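Right, I'll just put the structure down here and ask away after.
Chain naming follows the written order as A, B and C, and within any one chain the residues start at number 1.
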């Protein structure tokens, strides 16, 4: 829904081309909010972006090649609308070219990694705003390969067609290292699942090679949701492990409850560190989040979210969102955030 | 006029959405010129951008939410078309999301500051090209808060509807400083005025907090214009003051005279420094500018402008424009510039 | 063909404007490939962009001013779709505004230099992918003015209309140096030629001033092609010389052979260094390239290319493409590359 919002009438300039078969879509989201983050005895109040959906601008299109074949492109970049994209516009959310047909889709370019999807699809808050459990890049400094935490450059993916509700994706991304040296950033992963009617379940895996085996990064996660109409329940379990055996495991049950034109969202996420020193293993953290979003239309939504993180050991995880920061939880301390915003898609 | 140039037929991808009520507009300006700047006994000749209107690219749209409510977005960035945007494309001219209705408009994001508008609306040369009096950021190095001179990140604005010609804007922008520390970049301002028939008058104020009170920045300005048909006369008075009492006051009368498809523009601006040492107070400067623009159509205009700055004391203000520089007036010396260009809007 | 792919229905916002006479065109190319480069006993495999045509995104439009006059704009930037434009989006491929009529076209802004065109038009591989002979910027470190190798900022061009097959371009670009100092980057050039039916021939020249005469840069080239239907033969001769007399001369014969929906491409390019020390003069290199491209439609093409460079003396030229590198030929050694990709235009 949020990625398919405006189709422009397209007239190809080629004589003889069937214009009805071609289209380019301009699409985007501008999502801005006001948030207050509190941690370590201090607070900061300001404007955030992407509190409900990631602000973005993109262009995409599909061409019918005949014989059941299609070609397509997709370029999409982030908008940090609170500061006017001070860092500059790029197309790092996705920039791909695809060939599609009855066999499925082959896709080349910068794209999401296989193991990222479940962490956003099965979190009631996605990976946006103060409420997200952010169950990716969980190893922090111990994660040698954050470059593939969400997306990867130089990726080739194969997507099966929908096979009676089942589907799968295989992905390989080149680390582009010279032969005989390290294999840093070489990535391979897969995702498979089933979605039909009220049920959706997916499992995914992704391995990113590091400069040495000890800094390899392996992510594995499972998610499921069941939509009972009056309530949609979800559960996600995500694990990340480096080559030295350090692990972070997240378990996140969540609910989404429709209320008229609105939805109440709530989740609890436990992040459990394992496999390391007693200090490492003790640095767990929990996050609770609750929010309400109200749809003014299918394109425009206002939302409010509250979230709280409780750290164990010397962990310092802090509630945050894009465009606002500066406070950090005290070691083992708490952190909270509240955010009000509006998401407008085009 | 110059911001509303192309409406793309829009088809929303949502079944049931009323497509006639939605639109996204692509708009822009490419303005290029050739200029010669002379100062300090040297000169430089080259290509400029934005000599008549700021070169730009943007997307904006409005959605009708029903019940008199509307949502809208606006992202717009600068084009430095003489060098192909070497610094990279962003949306720093404006990137906002709005809710609008009978109550007016609430707007969130990066936007113009309240006290900027009069300095461009009531200058016959706007804030573009060699002719502009540039009555913003006048304190120079003594201005601790140039970040809000034209626009501010993290801004919330409320615009009243047009009330029989009267209108007002209130604006607050978050400096996003952590509690207990400095308040740098916190901004608040307002603008109010009347525009109907041949008359337009506006006053505005803006205060930006600095790290200490001494570097607070306060801007205040008034402008008015009267359009007699054969001649439009304007007057602007602008003052900037920092917390230590340093002031620059500008007074700028101007005229615009329609001549067939063209317009003759002329202005004189006196910039008077006050409130400081004798050296500060003596560093005044005057600028005269005269130009002619010829409209080939409503979208395409060719123009020529000549301007001259006379500095007092050790002031070194120099005629300049986007994309060309390198000469600087001798202390207390003069500077001049001449520019020929073409502005094309789309 | 590849630059004119999508016309958007345009409605000008001006009452009374003739909307049928206005249009803005969104256009672009996403071209991605997988390549293996081998040199110096090592290899690297990864994803490339722009292997057949340069990946790009652009907007352009033309306005009819009446009386045979037109105004137009063109902004176009590179897409590095393998990494999502990590360096940021700009419009450095071209950003111009033009006035056009029976007299020809006057164009202002960043644009291609006159002496670049032949090096891409008369190379069967253009200036893209592992196969291109890259007969521009051939002097390498001895070339003081690579800023104008392909394009120049601050350029003014005059293009004649097509005069019975003949046409010419004059170009001047401002180096924008302050008077009395160096003239670095001042550029002037021309290109003229004839194209009608199966024949196309063009000659071009471009001189870029350096800080001293010794680092002036002069490029001169000639190209021609003859299309016999079953085979298109081309020949290009390009010379670059700096003010100290160092030269590189390239001679490149090439062929393109249509085969059904495909085209076989092949070229041989000799790069001969002259005018310097024995070591300089000995550092020649040859490149052969052969490839096949298959058009799935006019917009979508798959391609495969193989190329090999043989260096003389201590030359280290290496087969490469956008987005992949890291290997370098041994002095006087060889280098090769193979690339498979898909080009999709929109």
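Assume a contact is a pair of C-beta atoms (placed from the backbone, for glycine too) under 8 Å apart; a residue touches a chain by one contact, two chains touch by 3 or more.
Keep in mind that what you see is a predicted model, and the values were worked out from it rather than measured.
Participant: With touch defined as above, tell me whether chain A and chain B contact each other through largely the same residue numbers, more than half shared, or through different ones.
Facilitator: Different-residue interface.
Participant: If you fit chain A onto chain C using the CA atoms, what's the rotation angle, as a multiple of 5 degrees?
Facilitator: Rounded to 5 degrees, the superposing rotation is 120 degrees.
Participant: Quick check: how many Å separate the C-alpha centres of chain A and chain B?
Facilitator: So the centroids are 38 Å from each other.
Participant: Where in chain C do residues touch at least two different other chains?
Facilitator: 8-9, 26, 87-89
Participant: Spell out the residues on chain A that touch chain C in their complex, using ranges where they run on.
Facilitator: Going by the criterion above, the answer is residues 8-14, 17, 22, 24, 26, 59, 61, 63, 65-66, 69, 71-73, 75, 77, 87-97, 99, 108-110, 151, 153-156, 174-180.
Participant: Of all residues in chain C, which touch chain A in the complex?
Facilitator: Touching chain A from chain C are residues 1, 4-9, 25-26, 28, 30-34, 42-47, 57, 79, 81-89, 296-300, 323-324, 326-327, 342, 344, 346.
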